[in-house]
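What follows is a pair of complexes built around chain A, which joins chain B in one and chain C in the other.
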Partner chain A sequence: MTAKTMLTGVTRLSSRIQKLDPRCFLHGSAQAAQSNPVPAEHPRVISRTSDSDPAKHGEQHEGKYYSIPIQDLKTVFPHGLPPRFRMQVKTFGEACLMVRKPALELLGYLKNTKFSHPAVRYLLYGEKGTGKTLSLCHAVHFCAKHDWLVLHIPDAHLWVKNCRELLQSTYNKQRFDQPLEASTWLKNFKTTNKHFLSQIKVQEKYVWNRRESTEKGSPLGEVVEQGITRVRNATDAVGIVLKELRNQSSTGLFHLLVAVDGVNALWGRSTLKREDRTLIAPEELALVHSLRKMVKNDWHGGAIVLSLSQTGSLFKSRTAYLPHELLGKEGFDALDPFLPILTSNYNPKEFESSFQYYLENNWLQHEKAATEEGKKELKFLSNCNPGQLERLCASL
Partner chain B sequence: MVFKVLWGFHPRLAVGPSLLKLIHTTVVTKKKNVQASRQESYTEDFIKKQIEDFNIGKRHLANMMGEDPETFTEEDVDRAIAYLFPSGLFEKQARPIMKHPEQIFPKQRAIQWGEDGRPFHFLFYTGKQSYYSLMHEVYGKILQLETHRGPLSEKTDSRDLIGSRWLIKEELEEMLVEKLSDQDYVQFIRLLEKLLTLPYGPAEEEFVKRFRKSVTVQSKKQVIEPVQYDEQGLAFSTSEGRRKSATAQAIVYQHGSGKIRVNGLDYLLYFPVTQDREQLMFPFHFLDRLEKHDVTCTVSGGGRSAQAGAIRLAMARALCSFITEDEVEWMRQAGLLTPDPRIRERKKPGQEGARRKFTWKKR
Partner chain C sequence: MCQISYVKSTFGLASRSERPIRRKALPPRTEKMDVDQDWPSVYPVAAPFKPSAVPLPVRMGYPVKKGVPMAKEGNLELLKIPNFLHLTPVAIKRHCEALKDFCTEWPAALDSDEKCEKHFPIEIDTADYVSSGPSVRNPKARVVTLRVKLSSLNLDNHAKKKLIKLVGERYCKTTDVLSITTDRCPLKRQNYDYALYLLTVLYHESWKTEEWEKNKTEADMEEYVWENSSSEKNVLQTLLQIRAADSSGAPSREELLGTKEVEDYQKCVVRLKNEGENEESLAQYKESVKRLLNLECSLN
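Up next, the complex of A and B:
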C-alpha cells in the first residue's frame, strides 16, 4: 500500500500556506495544474502537490501526496480502497495518495495503450505493505478521470472464502453461485459506471426465469438492476455484464479497464465446501470462472491491471511475494504474457515526505516523534515499509 | 591408605569401600525431620587429626596424579578431584570436594572457663567477649593516637581505601565466632572510621586492613571484545550471543547504512513483530548510531523472542570494538552486555508444570 495518508479533521492547527488554493476540494479536476506548490515553512521537504489529476503526474511529483476529491471518492471508489486507508480517510477528512514510481510507470503505460491491440496485462507485485493496492487505486482513479469504464474488483479473495450462501448455478449445473458477493459488487459497479450503463446495449436476449427476461438491445443497466433486485440471478448477471463488456470493448465505444486486486485468489484454493463437505475448486465458482475469462487477453480496447496479495490468500506462506509463488503454475501460465511491476519500500525521500505528511496532520502525538531521533527510530522500526510505518504511527 | 573425600553434607558413603571410607559418623542422625545440627563440638584433637589426614591425603593425591607432593596447591587438589570424581550434578556445592578441615568444619570456640569454672576472659560475662574486647582495643588505639597527635598526615585516603570495603556483618561474625546485632556492627564500623580520621601509623594500618576486603575485582573489565579485522578493506567485528536456547552470530560492519539481514532475509520480514525489532534497535539507539552500521547475522534455535534477544546481545558485543571504553561501561550498566540467565524452569513431579499445581479437589 502506498503511503497511507492520515487525514486530520478540518481543524488543523498548523497553517500550511501551500494548501491555500487546493483546499477547495469541490473543484475536482478543474484545478490549475501547478506542478510545485510554494513551500513556505518546509523548504527542504515538499510533501504535497496540488495536482489532483493523475494524468498530470510526472517525475517531478514523485514522493508527493496528491489528494483525491471527495466527489471522486464516492463514485470511483465505493468499494475500492483498502479498509485501513478508508479509516485514515475518515480520520483525516481527505484522501491523499503518494505518487510513487510503480504507479507512475503504470500510468505511463496506460497512457500509451493501443486500443487496437489485445489488452496488455500489468501485474503489480511486491512485499507485504509496499503499495500494490494503492498503486492500483491510483491507476483506477486515472482511468476513471479519463472516462474509461472501470471494472474494479477490490479483493478477489473475498470471493473464495467465507461465503455464507452457495447456490447451485442455474446456468451451469456444475458451478456454484454466490448471490451476496455478486449483488454487492453489482451495486458498487453501478455507482462507478452509471453513465455507461445506459449507453451500452446488450447484444443478446437473456431469459432469467419464466417471467423475466432482458431483450436484445436494452441497456446494460437493466441487467445490473436485475442482478441487484433478484439476488438469485446476481451471479449470472455478473457473468453477463462481463461478457458483454468484453465483446463490446473492441467497438471503440469506451475503454475498458479491468482492475483486480488479489488476483492470485483465482488460481489458488478456496475454503468453501459443498454440503457433503468436499472442497470446491475455484473454477467451480461461477464468479471466478467469468473473471478468469475476463482476465484473458483475448479482447482489445482496454487494459488489465492486476495485483497480487498474500495478505488475504489461502494456504500461501507469509513470505511469498513473487508471481510464481503466489499464482502457482496454473495461474502463471494463464496470465503468462504480462508486464510485472515491482513495488518496494520507500526510498529516503519518500519516507521524509510521508513523515512530514503525518506531522502536518498532527497524527504523531508523541513528543519525541517530531525530532530527528524519532524519525530515525521510525525509519529503523519500519524499515521504510509503508504499511509498517502506517501501523506504527497509528499507535503514536 | 585412607583417602578422604567429602561430599558437602557429610553423608554416609557407600562407594568403593576399599578406597573411600568415611571415618567419622558423628554427623549422621537417623531422625527423619531434623536436619543434621551443626552444634556438635569437634574436639581440638579431632580437628588436628583431620588436618593431618588431609595433608597425607593430599600427598597421596599428588602421587596418584603424578605430580610433586611438595608443590601441590589447592587448585591442583580441586582439579585432581574433579578429574577423579566427575560429577554431572548442577549444584556445585553438591559435587565432591576436598578442602582443608578449617574450611569445612565451622570454627568452634574452645571452652572458655577453667576447671574451677572461672572464665578466662575478663569480658566473658558480657556475652560477646571477643566483640567487646575488639571494641576496647580499637578505642584504646584511638585514645593513643589522640594523645600523640603528631604532625598532620596527608596520607589519609591514599592507601587502598578505594579498592576495598569493610567486612560485612556475616564476615565479622565468622571472624569473631560470635553472634552480633546490627547496631553492634554499625558501632564497630563507626569506631574504625573514626580511627581512620586520625593520623595513624603502619601498625594501625595493618590492624585496620584485617577488617577490609578488597573489591578490586573490577566488574567493568569482564567484557573483552575481539579486535576488529579487515577484509577487502572493510572493518567489521563478529561476536556471538545466546538467549534461552537460541544462538546468534552477528557481523557488524563499521560503515554502513543501517541495514540488517538475518539468515539472509531482511529483518522486517524475519521479525514481523514490532517488539522484536525494537529489541534489535536497542543497542544502536542507545549509542545513537542508528544508521551507521550494517549487520549480517545468523540465528538458530529458540523462539522469536529468544532469537531477537540473542541477536541483540551478539550485536552489542560486536559493537564494543568500535566504541570508546566509557560507552562500553554505559552499555554494561544498561544491561546490553549481560547474557540473560533466565531459562525455562523445569517441570516438577507432582505438579502440572513448573509452578502450576494440579487442580485441588477437596474430596
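Up next, the complex of A and C:
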C-alpha cells in the first residue's frame, strides 16, 4: 500500500525519493504490484527494477535497470567494468545495468549448464558500443552470486600490447613472461575469489627456485601469494592457477566460469618486439598460451563466456564486428563449435528506459533535453546505440 | 599633325568608293531549314561544326559570374571537340543499306543466343583501323581476344580448379568466361593462332595431375572442405566427450558423422566459410550448434 501511495505522486521528485529508499522494502510481490498500474500513469518509473539478483531476471525485466550492490561491486568487479561505466558509477553513486535480451539469453543457457558435459563456449559479438562487455559483466555477476569460481580477464588486448617488461620465460625458453600484467591480474583474482583460494588444493609440487617451492596439497592461495610477491614468477603462477582450476573443475568441487573480454586478441597480432626488434607472435607469450588452453572445451564443470572487441584490437578495421573478421581463421577454428550471441542497438523500449534513467539522475542538464524533441534528436544522433548515447548525454 | 595623317590614309586604297563593297551578312542557313529535312545531306561527311548550318541552340563554355555559357556563334570550344553530326541513325541506316550488297545472309538456324553458344563456344574479338594517310598499317590491329565459357569445355572438378589457378586474372568468376588477349606477334593471324594454341595447352595441362599436386595444403584450397578439417575434429571430440559423460555408449566416428545434427552443422559451417558471414548465416550456425550440443535457454 505504501508503495502505491508513493507512486501516485506526479513529480520526478517522488520517483527520486523512491530510488533513494533502501531496496529491501520493495521485494518481489510489491514489485509485481508496482509494475502493473504504473505504465498507465507514470511511465517514468518503469525504467527500474528492484531485483538485484540476476537469477530472477526474466523477460518482464527486459529494458529495466537493476542495481548491483556496492559490496558486490568491490568483490566481483575489481577490474571487470569498462572505464566509462566506472566513471558513471562514481558519478551516480550506484552501478545500474540494463537487463537486455542477449544477457537474458546467456543467463538462460548458463542456468541449464550440464556440468558433466564439456564446457560450452558462448561468444558475444556485435557492433561497437552495443553492450557486449556489460552483458558479459551481467553474466559474471550472476555466476558470482551463485557461488561459481569466476576467472575474469577484463581485456585480453592489454596482454598483447604496451608491455613494458618482457622477460624470457623460466618455464619454457621459447616463451615470454609479462610480470606486471600477470601480477595485477593475480591481485584482482585474489579479491574476487578469496574464499575459494583456501579450499582448492594444488595437486602437484611446484618448485619456484632453489629456495622456494609449493608442496603438493597446499592451498591455491599460496601460489597466488607467490605470484604477487615474487613478480618474476607471476606469469608462471598464472599458468599454474589456470591449469589447476581446469583439472579440478571436473571434480565437482566448484563451478568454473571463464570470462574473457576481447578474446580476439589471443589470435590476432601483437605489437610487442624482442630485443632484436622482431615481432612476437601471440603464442610466444606465456599468458596468451595458457589462456588459449583455458578456452578450449576439453574440460568440464563450467562454462566459457567470451566477447569480441574491436576497440582495443590491433590491425583490425573499425567497422569489423563479425566473428570471422575479428578472430581470423585460426581463432574461429580454435573456438568452433561455439554459440554466437548478437548484441544490437536499443529497441524503442530500452531507449525510453535509458533516457528516463539519465533524466532521473539529473544527468541531462540541457533545458531542451527532457522534451519530446530533445528525445527524438538524441535518438536520431545516437541511432539508439548505447555507447553513442552515453557519450552524447555526457556532454549535455 | 593632321597633314601627316591625311597623307597616310591616302597611301593604300583610297576613298570609300574604290574599296570592294562589302556585302551585308545574310541570315544563317538554319532559318531556312525544315524540321523534316534530309540531315545526311547537310553533313554527308565528317566536317567541323558550322554554327550557321546546325539548327540546334547549343551553348558551350564556362560561364562568367551571373552569366550563361557562350552561344554557338564563333564558339571555339564547339569547333575543338569532335562531332558526329555526319553519323546520325538515318545516315547509318543508309550506310548499312549500301553495305548490304557486300554481305552474306545470317544463317537461319542460329536464331537464338543459346544456339550460337552451343555451336560456336569460342568468340574472337579483333579490331580493324582505317585512317587517311600514306599507309594502311596500324599496330593496334594485331590485338586478338579469345573468349570462351568454361562450361562449354569438357573439364572435371580437378581440371577446372587447375585451369583457373593457371590462368589467374583472365578468368571471371561471375560470368564463367575465360578471356585470353594476345598481342605479342606482329600479325593478327599469328596472334590468333597463338591464342588457340594457348587454349589447347591449358586444356591438356589441366587434365594432367603432377606429383607435386599431392602437397596441396589447406591454404591453397579455393573453397572450404569440411572433411579432415579442424572443425570436424573439434566437433567429434566434443560429441565423444558428451557421450562418454552421459555414459550412453561410445559410438564410432562414422555413426556420429551420420547423425542429422552433425550433417546440419557441417552444412552451416561450410556455408559460413564459403559464402562469408552475415547475420542469417550466423543465425543458422547458432541454431545448428544449439541442436548439436542440446542447449536450451530457460527464460523466467
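Here, the second predicted complex is superposed on the first by the 354 of 396 C-alpha atoms of A that agree within 3 Å, B and C clash if a C-alpha of one lies under 4 Å from a C-alpha of the other, contacts with A are read in each partner's own complex, and residues count from 1 in each chain.
Methods note: contacts are C-beta pairs under 8 Å (C-beta built on N, C-alpha and C of every residue); 3 or more make two chains touch, one makes a residue touch a chain.
All values derive from a computational prediction rather than experimental measurement.
Enquirer: Is the arrangement of chain B and chain C around the shared chain A a clash or a fit after superposition?
Expert: After superposition on chain A, which the two structures share, chain B runs into chain C.
Enquirer: So in the superposed three-chain picture, is A:K376 touching just chain B, just chain C, both, or none of them (first/second/both/neither)?
Expert: Once the two structures are laid over each other on A, A:K376 reaches chain B alone.
Enquirer: After superposition on the shared chain, which partner residues are touched by A:L392: those of chain B (first), chain C (second), both, or neither?
Expert: First partner only.
Enquirer: Quick one: is A:G108 in contact with chain B, with chain C, with both, or with neither? Answer first, second, both or neither.
Expert: Second partner only, chain C.
Enquirer: Using the touch definition from the top, say if A:D333 reaches chain B (first), chain C (second), both or neither.
Expert: Second partner only.
Enquirer: Report for A:G252: first if it touches chain B alone, second if chain C alone, otherwise both or neither.
Expert: Neither chain B nor chain C is touched by A:G252.
Enquirer: Where does A:R318 make contact in the superposed view: on chain B (first), on chain C (second), on both, or on neither?
Expert: In the superposed model, A:R318 contacts chain B only, not chain C.
Enquirer: I want to verify the contact counts: of chain B and chain C, which reaches more residues of chain A?
Expert: The partner with more contacted residues on chain A is C.
Enquirer: Does chain B (first) or chain C (second) touch A:H117, or do both, or does neither?
Expert: second
Enquirer: Following superposition on the C-alpha atoms of chain A, which segment of chain B from the set 5-13, 23-31 or 59-67 overlaps chain C?
Expert: 59-67
Enquirer: Both chain B and chain C contact which residues of chain A?
Expert: On chain A, the chain B and chain C contacts do not overlap at all.
Enquirer: For chain A, which residues are in contact with chain C within the complex?
Expert: 56-60, 104-105, 108-109, 111-112, 114, 116-118, 120, 297-298, 300, 322-325, 333-334, 336-342
Enquirer: For a test of understanding, state which residues of chain B touch chain A in their complex under the given definition.
Expert: Listed in rising order, the residues of chain B that touch chain A are 258, 265-269, 272, 274, 277-278, 281, 284-285, 288, 290-291.
Enquirer: Of all residues in chain C, which touch chain A in the complex?
Expert: By the definition above, chain C touches chain A via 229-231, 234-235, 237-238, 241-242, 245-246, 265, 269, 272-273, 276-279, 282, 285-286, 289-290, 292-293, 295-300.
Enquirer: In their complex, what parts of chain A are in touch with chain B?
Expert: Checking each residue of chain A against chain B gives 127, 318-319, 373, 376-377, 379-383, 385, 388, 392.
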